[in-house]
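Note that the chains take the letters A, B, C and D in the order they are written out, and that residue 1 is the start of every chain.
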Amino acid sequence: MFLDVQDLSVSFSTRRGTVDAVRGVSFSLAKGETLGIVGESGSGKSVSSYAVMRILERSGRIAGGRITFDGIDLTAMSDREMRELRGREISMVFQNPRAALNPIRKVGHQIEDVLRRHNRATRSTAKAKAIEALRAVRIADPEARYDAYPFELSGGMCQRVVIAIALACDPRLLIADEPTTGLDVTTQKVVMDLLAELTKSRGMSSILITHDLGLAAEYCDKIVVMKDGAVVEAGDPKALFADPRHAYTRRLIRATPRPGAEVGDLLEPPAPSPVRPVPGAPLLQVRNLRKVFGRGASESVAVDGISFVIREGETLGLVGESGCGKSTTSAMIMRLLDPTGGEILLDGRPLTDTPAAKFSRDPRRGSLQMVFQDATDSINPRFTARQAIADPIRRLTDERPAGRVEELAAQVGLPLTLLDRFPHQLSGGQKARVGIARALASRPRLLILDEPTAALDVSIQAIVLNLLAELRAKLGVSYLFVSHDLHVVRLLCDRVIVMREGRVVEEGTAEAVMRAPSDPYTRSLLDATPMPPAAIAATPALAKAAE
Amino acid sequence: ASNGTVVVAMGQTINSLDIHRSGTNRPSYQVAVNAYDRLVSFGTKTLPDGSLSYDYSVIEPEIAESWETTEDGSAIIFKLRRDGKFWDGSPITAEDVKWSFDRAVTLGGFPTVQMKAGSLEKPEQFEAVDEFTFKIHTIRPSKLTVPDLAVPVAIVINSKLAKANATTDDPWATEYLHKTPAGSGAFKVARWEPGQQLVYERNDAWTSGPVPEVKRVIVREVPSQATRRALFERGDIQVSFDIPNKDAKELSGTDGMTIHSTPIENAIYCLCPNLTFEPFKDKKVRQAIAWSVPYADIFQTAAYERGVPMWGGSSATPADIAWPQPFPYSTDLDKAKALLEEAGYKDGFEVPLSIALDQSDWMEPTALLVQENLAKINIKATIEKIPGANWRTASLVEKRLPLHLETFGGWLNYPCYYFFWAYLEGHLFNSSNYRNEEIETLTNETLHIPVDHPDYAPKIKRMIEIVWDEVPRIALFQPALNVGTRDMSGYEYWFHRQLDARGFEA
Amino acid sequence: MSATTPETRERGFLDHVIYVLSENPITAIAFALFATIVLVAVFGPILAPYDPMESNAARALQPPSADHWFGTDNLGRDVFSRVLIATRLDLMISVAAVALSFVVGAAIGSAAGYWGGWIDAVTGRFVDTIMAFPLFVLAMGIVAAMGNTVENIIYATAIINLPFYARVARAEVRIRRNAGFAQAARLSGNTDIQVLAFHIFPNALPPMMVQISLNMGWAILNAAGLSFIGLGVRPPTAEWGIMVAEGANFVVSGEWWLAFFPGLALMTAVFAFNLLGDGLRDIFDPRQRT
Amino acid sequence: MGPRTKLVLYRTLQALPALVGVVIVSFILTRMLPGDPAAYFAGPAATEASIAEIRATMGLDRSLPVQFLHYVQDLVVGDLGNSLSTGQPVVEELTRRLPASLELTLTALLLSCAIALPLGIAAAVHQGSWIDHACRGLVTAGVSLPTFFTGIVLVYVFYYLLGWAPSPLGRLDFVYLSPPEVTGFYVIDALLDGDVETARGALSQLVLPATTLALFTLAPLARMARAAMLQALSSDYVRTARAAGLGEGQVVLGYAFQNAMLPVVTTLGMVFSFMLGANVLVEKVFSWPGIGSYAVEALVVSDYAAVQGFVLAMAILFVLLNLAIDIIYTLVDPRTREG
């Protein structure tokens, strides 16, 4: 085997004692093969790959096991030898490409650094070779980009540069740790295709680390599923998805949104999907809404005259790529931001007659609430869950917080014992529940969900989506569901609007938009979203497991 | 040190080379002493401890060869030496003297006041009779006139040079002379870097006295007294000018170092109760305070026994006219309490005790000790430190400090001169707002008459007796000027308390 | 603002504090020193073996001995007693100055950071103006102009420290101005002031706590510096700075104890405050928590 | 106009309000100073009339707004007035003394950086080790000492007791003559003059005062260096660099430190401005003829023109300093070059 990891254990010494992050992981990889490592957050994917690279933090160490690379035992190598190997034999690509580049060094020079380090170039040839490397990752106009700083490049371009750095010295193994997280779906596809093609054409082996089953299935020859620092299942992707043997794998596959599945189907075991309320009278009307930031030369139009209606009990999906104006639209509807033009009507009465700065005292404040994208960021770190939920009760209602907080906690399924914990003592899913409970506290009529599950693992996403569906059925609230993922939107929404550069490019029922997108942009969005093979194969295995 | 250079350290800054300029500070007077000559000078004597001092009783020629008072006493005629030369080689003439004196009495400020002390008040008094004869028409016959010509203010300036650099706006060439001395003195100013140093270079052609031994004198400004001491002890400087009493005490007797501690003539450090402050209107209260002062402790901790005690006089009437002489008070808290009770202040009162920030070296310990003893007689004194800029205004001009420390030393060494400044109502150093009719009359009667006049001694004794009894100024001790020298000799004490390098021998 | 502090919070925080202290012995020492200083400030007058104001010319300038642990000064006062007594005043000056500049600076900075716009421009220029002065010289000027009382020293120290708080507060509030929890608070019906006061400001506090403890040391040094050039508190008040300044003149003549012990006390206090700052940073830095 | 000139211009404009503020505040502050400078400068024996005369020539008999107007008018043409205590034009005085202060401050800064930055880097690289603790203890001890006290102790030990240091007599011992003025920095001027002996003399005078100042400023620099390095070292791009096999030296000094430079430069600016203030005390101890000691003297005697001139000079220096920092920033950090 080209790379052989046997019984690898990694532990970190922390203030709470030793953390065994990786416990006896084994996997292997042949020349020219691509291995996918999937698993949920914290399962030890990154740590395992860092161990292979021997770039663990100082507090971490390889506690046991063997890593052989092309016959050499990596665990036995000295730091100096390892440094020789890194970049030349084994390279790595990280997530969040912009942060992965030195912000104050020209990208060309960063490539040169690696080339020169491994004696692949001399002072005189470095520039040409760096441009060559940039050309290899298909950056347009590489000569010009050579002099660019990371901040002058888009996320996708940065990731290409990172890949160029990783591949500059023609390594034989490439490890990509969630290389597309933080990129738009369309960019993700381009980057992944590029990676796959480059590794293939150079006959490299690669490891792709991801939590996206679809992605792994699409690009990998072999898949390893990790959970809690251990490998639970490994094998060929087709076989794995067709016949997942481990319960955890099954749950992962099931929780991945896919065409044809209802919200309830995402759960393990599948539950009946809550009924969708029948849309009633128009609740919120948005007419020709505009928002312009800045003035003069720096003017930028974030939202460019959009109109839509949300009815009572209806869920409207708002889909679009990063920067298309989704959050800006939400903020205006929530009255956190004053629009530059247009109207927002609640029950036919304009909301804009109270300026955003004064809206906290408006009687309609309680009717409009929001669940935020990042649950961690949206809860005051100094408030306990109880205090966070009690805050709107105290300010917006006449109710006594005491009983109501427990009631809400029960509603969102938050164990009462967790109420006195601080955000940092709660898990992602629990924080999401606190955020939802808080949003429900004032008995809102319209709830904006701004990518409420973007920061969550698929299995937790499934639970939260079900919770939201359930609450809608029970309380009859209307949702405006903001997301970049059409498959997720479909699970919850009656209608969808697709935004691009501040404008609505498509509108229709969720099913219709997904099945027959009329706008090419919508189609490219759909195409770019990876799907697990099981989903494509209409999931017979899942049907079986559900029985 | 070697090659005829003497390095002097002092704590203050020389801010002008022209003593007549307003704003020129005390340390700058030394330039007038070393770089200029006067008509006359005082003699030199050897003190009992072997050190040199100027001699107030002897007036010696400097630019003037001889002088005499006219018969009717209305004028003094000075014959100038004929070989007198300024630095630029031009002769020193009566015109120069007149121009210089005119300047001193016209420019205002300190020089004018000091000239006035010698009854030299207006230009009309000065006459250049011929090239080498200079005549002063006196307003009144006064024993102060000739000695006043020997003080630093009465310098003779090279008037031709000065006038060449005068402008219509500045007829007295103050801008020029401020930076460029034009004199005939024993030393020329070779270099002046304000805030750093002043370098004197010997005038090899000095005509008013024997050419000095040392070639160069470097006066370095070293603000930190600890640094000055370190420099001196390590032998990096030859003269440490005006060293603190404590250092003087500790260093005297050390090998290689000579400490000259000369009691400053006609000067006393005083505690002044202000008569505008209600309780101090009562003589008994002032006396009570005088009895409460811990003199010996102050002399020890503030003066380190440098200087002369001014307490514990044996009799309430002075035996002679020596000034200063010990006041008839000592530390007796019982007496103080009794006096306070008599005055109706048995339970005391509160009073701020003010001291000057820039004189805190002696004022602060003194004030603390006074404060402590006042507390014992129920007087609660709070110490107030007043910055230098404010001190003069508060204490001397506005005279508004209820209880404060004060020092005055008269350049002209007569008791009447001291009284004139310190005990007459409205006069500058009478910071106690004291007024006594008898003192007013007696002072004015004695100020100008010769010391050997038969009325002089009895009247002075009476004056002393009165201020002893009424104590508007409570004498603490007579201060001393401490100067340390090593590897050189020829230091001489002067009433102006400034460096006179003319006699230095290195 | 919340009525009860739940037990979990207490325990978690205490655990954390104990962890930080045991992990970092220097921080533990700093806390111990700080506690000692506070104790001495409170009980100093009781502990002092002599009357710190009582002079005695006969026993002036005695070196440290069994009678006078730190020796006596030029007026025969017991240096040890004076050093003890001075603790309270020095602590008071620094605490008062820092409290004052914290309150004003944090208010100004928070407002500027939260509302931006003209408030930010005006306060920004104001802070710039203060900063454009060499700070110590500004303090000198203020004390010289207003007179050297303890209050004025406190005001002067407070004014020169103000920009630091204003800047930290502005920066910390600014980065949280549009944080999710601030938006959520607005949705929960909090007015701008409430969002700022109850939600954003408490979160901006930890970095300021660090600043506070560093500034406490600074404030003491500042007062000492003022004393050195004669603009400090008035004698005979015992204050470390003034004791060092006065004692400095005695060092060359061999009476080192006059400046040494107050200097040591001064240094210990400033040292403790500075290390305390680091310790607080460890305790409050969320990244240090698990 | 290039973006960089634009930035410099913009920054200068931005500094103007602060300068105006400084002019106003310093004017008010000086007028609030106690005492009557006219009376003070008239000398101890002056009469009322001569005091009034002096007051008139100083312009102090006019109302405050008028005085301010005159002050500003003079200021515009670059006239800072005459210092009363030294009798020299303030501008002249400042130009003579500023190099002294700057020479001292810059030497101290250099010294401080030379020690603090490696120390901070070492502490960050070996976080939690004994180096880290020792560094922290050392710099904290340095910052805990009042500068004047450190100065006095250094003089006592190294000059008085050991005799290693030259006499603390300002910029140059009297055996040397000050070099011909080019930059105003004695060491540099002497070297330009080819006078190595004098340069060495000037340098040896600098050692103690610069050490005193440097000791005090180690802490902020070392701390900031450590914190910035820690942050940089834990950043993604350092991880990328490591994963690419770059050598430890290049990672730490090339990648991490270059980024850590930015906050360090800011701190450096603050430290510099702080040092100029602390100079006041150190200059006094070492008889250093800089502007700090000048300011103290002026303040004590209510020398308005001198105090105002000093404060203004400092403020301008501060503005220039910030400009310099901005420029360094733009040189180091490409992100600031935009807008």
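Basically, a residue touches a chain if its C-beta (ideal position, glycine included) is under 8 Å from a C-beta of that chain, and two chains touch if they have at least 3 such contacts.
Only a predicted model underlies this, so the values are computations on that prediction, with no experimental measurement involved.
Enquirer: Go through B-D and A-D and name the pair with more C-beta contacts between its chains.
Expert: B-D
Enquirer: Could you please state the distance in Å, as a whole number, between where the Cα atoms of subunit B are centred and where those of subunit D are centred?
Expert: 40
Enquirer: Cα centroid separation between subunit A and subunit D, in whole Å?
Expert: Chain centres of subunit A and subunit D, defined by C-alpha means, are spaced 51 Å apart.
Enquirer: In whole angstrom, how far does the Cα centroid of subunit A sit from the Cα centroid of subunit C?
Expert: 46
Enquirer: Roughly how far is subunit C from subunit D, going centre to centre by Cα mean, in whole Å?
Expert: Computed from C-alpha means, the inter-chain centre distance equals 24 Å.
Enquirer: Two or more other chains touching the same residue: where does that happen in subunit B?
Expert: Counting only residues that touch two or more other chains, subunit B contributes 226-227, 230, 233, 357-358, 387.
Enquirer: At least two partner chains per residue is the criterion; list those residues in subunit C.
Expert: 144, 230, 248, 251-252 - these are the residues of subunit C that touch more than one other chain.
Enquirer: Where do chains touch, given as pairs?
Expert: A-C, A-D, B-C, B-D, C-D
Enquirer: Which residues of subunit D touch subunit C in their complex?
Expert: 15, 17-19, 21-22, 25-26, 29-30, 32-34, 133, 136-137, 140-141, 143-149, 152-153, 155-156, 160, 219, 273-274, 276-281, 284, 292, 295-296, 299-300, 307, 310-311, 314-315, 318-319
Enquirer: Using the touch rule from the top, collect the residues of subunit A that touch subunit C in their complex.
Expert: Residue list for subunit A touching subunit C: 14-16, 331, 334, 336, 357, 360-361, 365-366, 368-370, 372-374, 377-384, 386-388, 391-392, 395-396, 420-422, 424-425, 435, 438-439, 441-442.
Enquirer: Within the complex, which stretch of subunit D touches subunit B?
Expert: Residues 33-37, 39-47, 49-51, 53-54, 84-88, 93, 96-97, 152, 155-156, 159-160, 163, 167-171, 174, 284-287, 289, 293-294, 297, 300-302 of subunit D touch subunit B in their complex.
Enquirer: For subunit B, which residues are in contact with subunit C within the complex?
Expert: Listed in rising order, the residues are 225-227, 229-230, 233, 244, 246-247, 250, 294, 296-297, 300-301, 357-358, 360, 364-365, 367-369, 371-372, 382-385, 387.
Enquirer: Provide the residue numbers of subunit C that touch subunit A in the complex, in ascending order.
Expert: It is residues 2, 6-9, 12, 19, 23, 179-181, 183-192, 194, 199, 202-203, 286, 289-290 of subunit C that touch subunit A.
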